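One chain, subunit A, links the two complexes that follow: it is found with subunit B in the first and with subunit C in the second.
On to the complex of A and B.
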């Protein structure tokens, strides 16, 4: 029955979900940047850790918090397909990339250069 | 790859690395508070202007939910009929349409940006915000250039091309040193980019310390922005357009509860599917 396609997304809940997801992602990335710095990873290995932490974070959020169905919790107000919900969980925003690089440089400097 | 490893004075770390980061975080928080304090209180709109915008919003909601509408037919028809006649007669307009001698309607003068007082205040607010954002950045850059110039601060963990050397090692004139050893100004830039995310986590989403680029295309930016788009819109034309769209929506209207008795019985197996 296609009548059940009424929009079941409640705006304020969606906003708070999105900002929670952003907070989680940002904290994960700054801690993984710190890890990369402390471990002394350089160049490629550091970015590998970045990719690994992206995937791990997206997987944990989707499986544990979203109970396996991220399209119900994350989206853009009109309902989102499962695939694009996964993609939006997986993409680190520019903010997070720079945060990773910042903490990576900071901890690398503190531990290995000084 | 030159395997040299410079030995840097730990006091540089204590007195430059941490202070720059700390100062930038604190200045960002200060910026946010200053913008909030400077913001003039929202201008109270007249009852008629509010009524205009709310009528528009009502018709948009009716249209968007028409396909699986929670309103039973009698309510939906009553709402749409009232809105359609009101739009076409211009009952909700805040500035009534002027009629010249022959009875033709004169299109109202679109009030230009400079003469309309509400738009002026909006522009002043924007300019004030930009000043507040730019001035601390320039001050901090000047401070760093004055005090922390001419020495190597930190080593980047990833390599960069030689093109960046002039930008990142400003003040250190060694042609041979790896691009990975950078000066304090580049630490400032690194902080600047990286702390945006931190501001969003610390201060909540609509803080005034970041340059909002990522979330500006969020879902609800459009529904909020459209009715408040500008005081010089021609509401009459918008209303006429809305009334036509409402009539189209009446065509696709379907009550979500239609045939609900049969659906429930089928769901619980009392009627063969």
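On to the complex of A and C.
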């Protein structure tokens, strides 16, 4: 049953979609970190902006790139479902968290400290 | 679609740089007047958030189009014979010998 559901997915398209979405998320988190630094946000408020940009990015990708049906474009490869699609869109991934913190500290240092 | 997305991305970057400079200038003013630097003008905050929304929107537009992951989408480009040629049922005896044989 599991294999049946997984075999309905065409792997290469899923891979290219996932890497495209990862690129989008990467750029968005870097920019959002820069915004957090410029605004001088600290601690919790900075991570609030992180959460806000995650949600906004997932919503816009689902609306514009996936044309409102994210289960048809992204997922975890084990079957097309809304839950796996939204989970995949909403998880930022460790690399992106570090990217956010990097530009956050960079811009905070440039604008507020120097 | 993609060039529009790029244009929006670059606009957002420029707006953010403008915000950064405005913040820096305002904080320098506060520093010079020996006031506590604990806030930024409201319009600068709004400008920063607007640049963030613009950048996300521009990035999503500039990204390459996603293709559906269903097999049905891939089959639109191919015929069934390419995917499943049923080689076990292939027959090689045909009337070519009658036409071209001696």
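Just so it is clear, the second predicted complex is superposed on the first by the 105 of 114 C-alpha atoms of A that agree within 3 Å, B and C clash if a C-alpha of one lies under 4 Å from a C-alpha of the other, contacts with A are read in each partner's own complex, and residues count from 1 in each chain.
The criterion applied here is as follows: a contact is a pair of C-beta atoms (placed from the backbone, for glycine too) under 8 Å apart; a residue touches a chain by one contact, two chains touch by 3 or more.
Predicted model only: the values in this text are computed from it and were never measured.
J.: Determine, under the contact definition given at the top, whether A:27 touches first (subunit B), second (subunit C), both, or neither.
T.: both
J.: Does the superposition put A:17 against subunit B (first), subunit C (second), both, or neither?
T.: second
J.: Between subunit B and subunit C, whom does A:65 touch in the aligned arrangement: first, second, both, or neither?
T.: In the superposed model, A:65 contacts subunit C only, not subunit B.
J.: Thinking of the overlay built on chain A, is A:96 touched by subunit B (first), by subunit C (second), by both, or by neither?
T.: In the superposition, A:96 contacts subunit B only.
J.: Who does A:43 touch here: subunit B (first), subunit C (second), both, or neither?
T.: First partner only, subunit B.
J.: Of the two partner chains, subunit B (first) and subunit C (second), which one does A:106 touch, if any: first, second, both, or neither?
T.: So A:106 only meets subunit B here.
J.: Looking at the overlay, what does A:57 touch: subunit B (first), subunit C (second), both, or neither?
T.: second
J.: Across the two complexes, what residues of subunit A are contacted by subunit B and by subunit C?
T.: In the superposed arrangement, which is not itself an observed complex, subunit A uses residues 14, 23, 27, 75, 110, 112 for both subunit B and subunit C.
J.: Which part of subunit A faces subunit C closely enough to touch in the complex?
T.: That would be residues 8-10, 13-14, 16-17, 20-21, 23-24, 27-28, 31-32, 34-35, 38-40, 49, 53, 56-57, 60-61, 64-66, 72-75, 80, 107, 110-112 of subunit A.
J.: Where on subunit C is subunit A touching in the complex?
T.: Touching subunit A: residues 12-13, 16, 19-20, 23-24, 27, 37, 40, 45, 48-49, 51-53, 55-57, 59-61, 63-71, 73-74 of subunit C.
J.: Touching subunit A in the complex: which residues of subunit B?
T.: Per the touch definition, subunit B meets subunit A at residues 5-6, 8, 10, 12-13, 17, 21, 64-65, 67-70, 153-159, 190-191, 193-198, 200-201, 204-205, 213-215, 218-220, 254, 256, 258, 263.
J.: With touch defined as at the start, can you tell me which subunit A residues reach subunit B in the complex?
T.: Residue list for subunit A touching subunit B: 1, 3-7, 11, 14-15, 18-19, 22-23, 26-27, 29-30, 36-37, 41-43, 46-47, 75-78, 93-96, 98-99, 101-106, 108-110, 112-114.
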